[in-house]
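What follows is chain A paired twice: with chain B in the first complex and chain C in the second.
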Partner chain A sequence: MAQAAAVAEPPAPPRRRRASATPRRLPYLLIAPAALLMLGFIAYPVVSVFYYSLQNYNPTKPWRNGYAGLDNFVHAFTDDPQFWDTLTFSAKWVVVEVGLQLLCGLALALIVNQTFVGRGLGRALVFSPWAVSGVLTSAIWVLLYNSQTGITRYLADLGIGEYGTSWLSDTSTVFPAAVVADLWRGVPFFAILILADLQSVSKDLYEAAEVDGASRLKQFWHITLPHLKDAIVLSTLLRAVWEFNNVDLLYTLTGGGPAGETTTLPLYIANTSVDAHNFGYASALTTVAFVILLFCSVVYLRLSKFGGENK
Partner chain B sequence: MITKEAVAVAPAPERPAPRAPRPVKRRRAWDEAPRWQIYLPLSVYLLFTLIPFYWILLFALRPAGSTSLAPWPMTFDHFEKVWTERAFGTYFQNSVLIGVATLVLTTVVALAGGYALARFDFRIKRVFMLALLCSQFVPGALLLVPLFQVFAELRMINSLGSVILAETVFQLPLSMILISGFIRNVPYSLEEAAWVDGCTRLASFRIVVLPLLRPGLIAVGSFAFVHAWNHFLFALMFLSDQSKQTIPVGLNTLMSADSVDLGALAAGGIVAAVPVVIVFAFIQKWLITGFSAGAVKG
Partner chain C sequence: MKSSIRRSRRAGLAVALGSVLALTATACGDDGSGAAGDKGNEGSGKGEITFWDNNGGVRTDIWKEIIADFEKKYPDIKVNYVGIPAASAQSKYDTAIQGGGLPDVGGVGTAVLAEVAVQGALEPLDSRLGKSPLNGKLSQNLLDVSKSAGGGDTLYQIPTSANNGTLWYRTDLFTAAGLDAPTTWSKFYEAADKLTDKGKNKFGFTIRGGEGSIAPALDAVYGQTGITSFWNGDKTTVNDPKNVAALDKYVALYKKDTPSADVNNDFTKMVAQWDSGTIGMLSHNLGSYQDHLKALGAGKFRGIPNPTADDGTRVQISNPVDGLSLFKSSKNKAAAWKFIEFAVSAAENSKYNKSAGQVPANTDAAKDAWVQNAEPTKLAAEALNGAGTKIVQMPYYLPDWNTISKADNEPNFQKVLLGKMTAKQFLDTLAEQLNAAQADWKKNH
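Up next, the complex of A and B:
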């Protein structure tokens, strides 16, 4: 009967309306608060960004304000080396961060998924930086990297490197230094998500593979990895978008410096709109960033065949 | 050799039974990793994780100017200084207020929306779901200026309400997707059974569904709190009064000073970390189950 069908297929919403008289507008009432909030504070700002991207708009230079057509975009693509520099740096940052975080997170998840003495504590400690904010991460790594009493001093005591080295103000070391700091708090995100998904791998599969004489490496390659695929695709995508957009860490750790070496596109946009008040141009850059992000995401989901065969 | 076909048939559940019982140590091949393959990489990684934590504790507890690697003699001067002189006491209150308000608002609004998405078919559902997913790509940081204008219009600049609203809005989409996933995992027949017993929809939701959602709601709620607690840009942009500032902004102020007071910075960092650590110690075990129940599987 209807009840049996509901048990067999819980995700399917009920086809017929119940006798217990649910007013037809109930679902709309339920989503109304969320919809209103999102319309007012996401949709409207987004539309206004699109609108201003076609305008010259700078509150400090009101005499130039007005319709600009595609001037802002033309300027970005043809006449603004900083746009390309920051875009390239953003791409580099996202690829390096997400790649390293995924590798370390996967390895960690596999390790703490084993049974061993002290697993609970091990998990808790390994995951602990996850909830640390970008600003706090910066604070911690500023303490570690500072040239006087930071880690370099004690390394120098051991004969490694020189006294007074400041990794954050040297253009050749600032990138790895920032990468390591962000890695520190980024790895647990992947470790947690992958661990959660690991728990749902059927143990029968491993037993069968064991009977078949498959090595552990082969088991990982043919059972674990395919099982994790969707989770990995989704988490890398979410994380990539997040790493692209997030400015907390670099803003506070390096301020985009030294010499603009670590300025991402969002950081550049924030500077353009907040400091330089060139809001029209910043809006155009935002639009470009948004389109790039959307395009890359779609391509990524297509290439990885997300959802794959069984859906 | 055993063929593939044989394997497909083989995974009979009874295999362990005919064997003589032996120590439980070696069960599955997957568990047979040599101990050093677990402990060695784990210790290396733990060093990487824990040294930074130790570092900040060290700086917070040892007197200014000390270079000893142990926090001894211990002092709490830095905490006193940061709490009163640097107004972290006020920041702390503001951050707690923003965090808790965001938690409540996000959970309630997302619960309502998530229920609608999980249990009803309605005309704009697909559009709405699409909007939720798309909003994930909208960078809050890039909307700072238009958001500022909206809040200026609403006369909410420099009030905590603006930050609470902004944090909530950017938490909502993901929270709602997660919660609707959790609700879908609760069999609809349970609710129907409650209606048959005379419950209203609301009552059956409260009595039957809500308790089952607890792990998921705890996960979602704590995300919302931690995000709001940690987030920095909205507070930096929308709150100009020093008395309205939050902890991350206070930390940033300490960091961007001309000569950074490292002890104060470390103590401020610890103040920023404590609530988050408490929240996570509390929800750790729900986190994994909450995730596996709904997040990744949808």
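Up next, the complex of A and C:
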């Protein structure tokens, strides 16, 4: 019996040492400050915007403040042509900018990936606009487009066009002029990311393709491009979000004008909140922009099968 | 095991709470001054105060000089100067009103006074002024404008300077073309035509089409029609048929006698363009005098009040009055008020306005010799105080004024210049918004 009892009773597990409990908690302790900071700096503002989107909130007209329900959203969708105009312009801006930046960035990356004399200088020149601050970029292009000191003045001296004109003041030229200015700033972003990815393509693949008699175009289409797919998907997504939210360059170059021709949705939101103090309505517009961006991002990632195996 | 998990959760909670408290403490901390709603207190009349200059950069040097004088006279008060660019002053005040960090004293122009006052951020100043040596020394006209712009019967701003719409013109170009000074609207339009030679990069006028375009356009409109009141009962006169015709005539100058780039002109671009090019006339205020002086030299230009009707009748819109306000949240109002009194005293107000080229609010300062010698300022003072001048009072008291005159209608004015909207449509839209804002304001005051 005593023997059976001795068999039935398993040996007591060794007492867990106190030191072993600490490492289990340690990861949580270590990420707690970061998590709390993110809650403070991301979650709080986002929740706050959702809250104000359901309010009438204008500090200069306190007698009107109060719960608005979905009125702000209904107004945006049914009674505010500026919302639709600026949203349409934002979509046009994003598609044109991101498309052109990708094409130019890809072309430049392919060029500076080749071996040639002065490649280092070439790469530095391609990447240098990325190192220039947004304010300085805007200032450079404001001067270039100035009617007294800029390109049009020198063209007029040569007898091309009229004096006193600026491409930013003409509704037919303001869009391409702004696109070129932002292109100059955005192309290096794609060039850097694509060049980094290009350098990881195995040379064996190209050698094998050459042995098989594949042309340079076929090599690009069947080796380079599939390899770059994830980099292109990620960079275009990031850039699209940035371009959608772009305020600084357009605000400085055109102020959204002339006649609202270059007002993006974020610029309209900025005017509605900062100039008009209509924070409730601006929050509703921000919420709509957030949902649009989220939806487009998810659809884009699904359609592009981001992160999947290339077949 | 359970107790271990519980201990672990408690520890996690403690860390979380500690971090939250730390964050909260950080978020609540500020420099001692507060947000709107804080009542502040008189303080000891000594120590530090913070002053926000609403035209930082442009007026920084002169304010630093005034502050040095003040600290010499009151060595137990230190003034922290914060220069804020004029374009962002309003948003800085709004942010501080909501989030804290308001100064003790700040420059607040009448264009934004109503919306700062309505948020409860400003200290009423009637009683302080009544007991001050400044009482009776400030221009009554300007005090009336300050009081009206604050939204009613309370004084929230001690005026420092009056500005005035000024027509700057190139005397060298006028002489060469054999033209009279553009003292009347007829002479103005004639000169704009005659001085324009687009093929040689010469233009008669530069129009303000970008930020800040509404006030100069309205000044030109009321100046031409001679309508002397902004309101006819509860309806604005802005879309009166005479005003529509006057605006049509004014915007017709665009591209005909002005550079086409003017559609995006804010004041900086417009002034820089006039100072560097061969443009006959520029409509701005007294504030750009020093820029013209530096760029062109004294002999090449003059600044005169806006043109009159052919019979000499002068009608102009009220220009924003600049001034200093005391913030309700100040913890040292006694010292802050001493600073305001000092800055608007005759000697300092004279010094400030001489630098700014504006008309002093202090009546003793306005008699100083420099005012008589600076022709644009002297003529502006005469126009402002002249018996024959009729001033159309703009509704600066409307909290919506800035929204209506900026965000809502500056793009529309550009549409008028570009021919995408008629002058009538523009003025009717403006009138509709102003009438609604006036009705809303009346209902709630």
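Before moving on, here are some points about what is shown:
The working rule: the second predicted complex is superposed on the first by the 285 of 311 C-alpha atoms of A that agree within 3 Å, B and C clash if a C-alpha of one lies under 4 Å from a C-alpha of the other, contacts with A are read in each partner's own complex, and residues count from 1 in each chain.
Convention: contacts are C-beta pairs under 8 Å (C-beta built on N, C-alpha and C of every residue); 3 or more make two chains touch, one makes a residue touch a chain.
Source: prediction; values computed, not measured.
By the touch criterion defined above, A:G69 reaches neither chain B nor chain C. In the superposition on chain A, A:G99 contacts neither chain B nor chain C. Between chain B and chain C, more residues of chain A are touched by B.
Legend: residue contacts after superposition of the two complexes on their common chain; A:G40 is shown touching both chain B and chain C.
By the touch criterion defined above, A:P176 reaches neither chain B nor chain C.
Once chain A of one complex is fitted onto chain A of the other, the partner contacts of A:Y28 extend to both chain B and chain C. By the touch criterion defined above, A:A276 reaches chain C but does not reach chain B. Residue contacts after overlaying the shared chain place A:P226 against neither chain B nor chain C. Of the two partner chains placed around the shared chain by superposition, chain B is the only one that A:R216 touches, whereas chain C remains out of contact. In the overlay built on the shared chain, the residue A:T60 is in contact with chain C alone; chain B does not reach it.
Of the residues of chain A, those at positions 28, 33, 37, 40, 146, 149, 153, 255, 274 touch chain B in one of the two structures and chain C in the other. Those residues of chain C that touch chain A in the complex are listed here as 4, 7-8, 11-12, 15-16, 19-20, 23, 91, 94, 97-98, 114-115, 118-119, 198-201, 203, 209-211, 258-264, 266, 269, 272-273, 276-277, 399-400, 402-403, 406-408, 410-412, 414-415, 417-418, 420, 440, 444. On chain A, the positions that touch chain B within their shared complex are 3, 6-7, 10-11, 13-15, 18, 20, 22, 26-28, 30-31, 33-35, 37-38, 40-46, 48-49, 52, 104, 107-108, 111-112, 114-116, 122-136, 138-144, 146, 149, 151, 153-154, 184, 192-193, 195-197, 199-200, 203-213, 216, 219, 230-231, 234-235, 238, 241, 244-248, 251-252, 255, 266, 269-270, 273-274, 279, 282, 286, 289-290, 293-294, 297.
Those residues of chain B that touch chain A in the shared complex are 1-2, 4, 7-8, 10-11, 13, 15, 28-33, 35, 38-39, 41-42, 45-46, 48-53, 55-56, 59, 67, 69, 109-110, 112-113, 115-122, 124-125, 128, 131, 135-147, 149-150, 165-166, 168-170, 172-173, 176, 184-189, 192, 195, 200-201, 226, 229-233, 237, 248, 251-252, 254-256, 260, 262, 265-266, 268-269, 272-273, 276-277, 279-281, 284, 287-288, 291-292, 295-297. On the side of chain A, the complex with chain C involves touching residues 21, 24-25, 28-29, 32-33, 36-37, 40, 59-63, 146-149, 153, 156, 162-166, 168-171, 254-260, 263, 271-272, 274-278.
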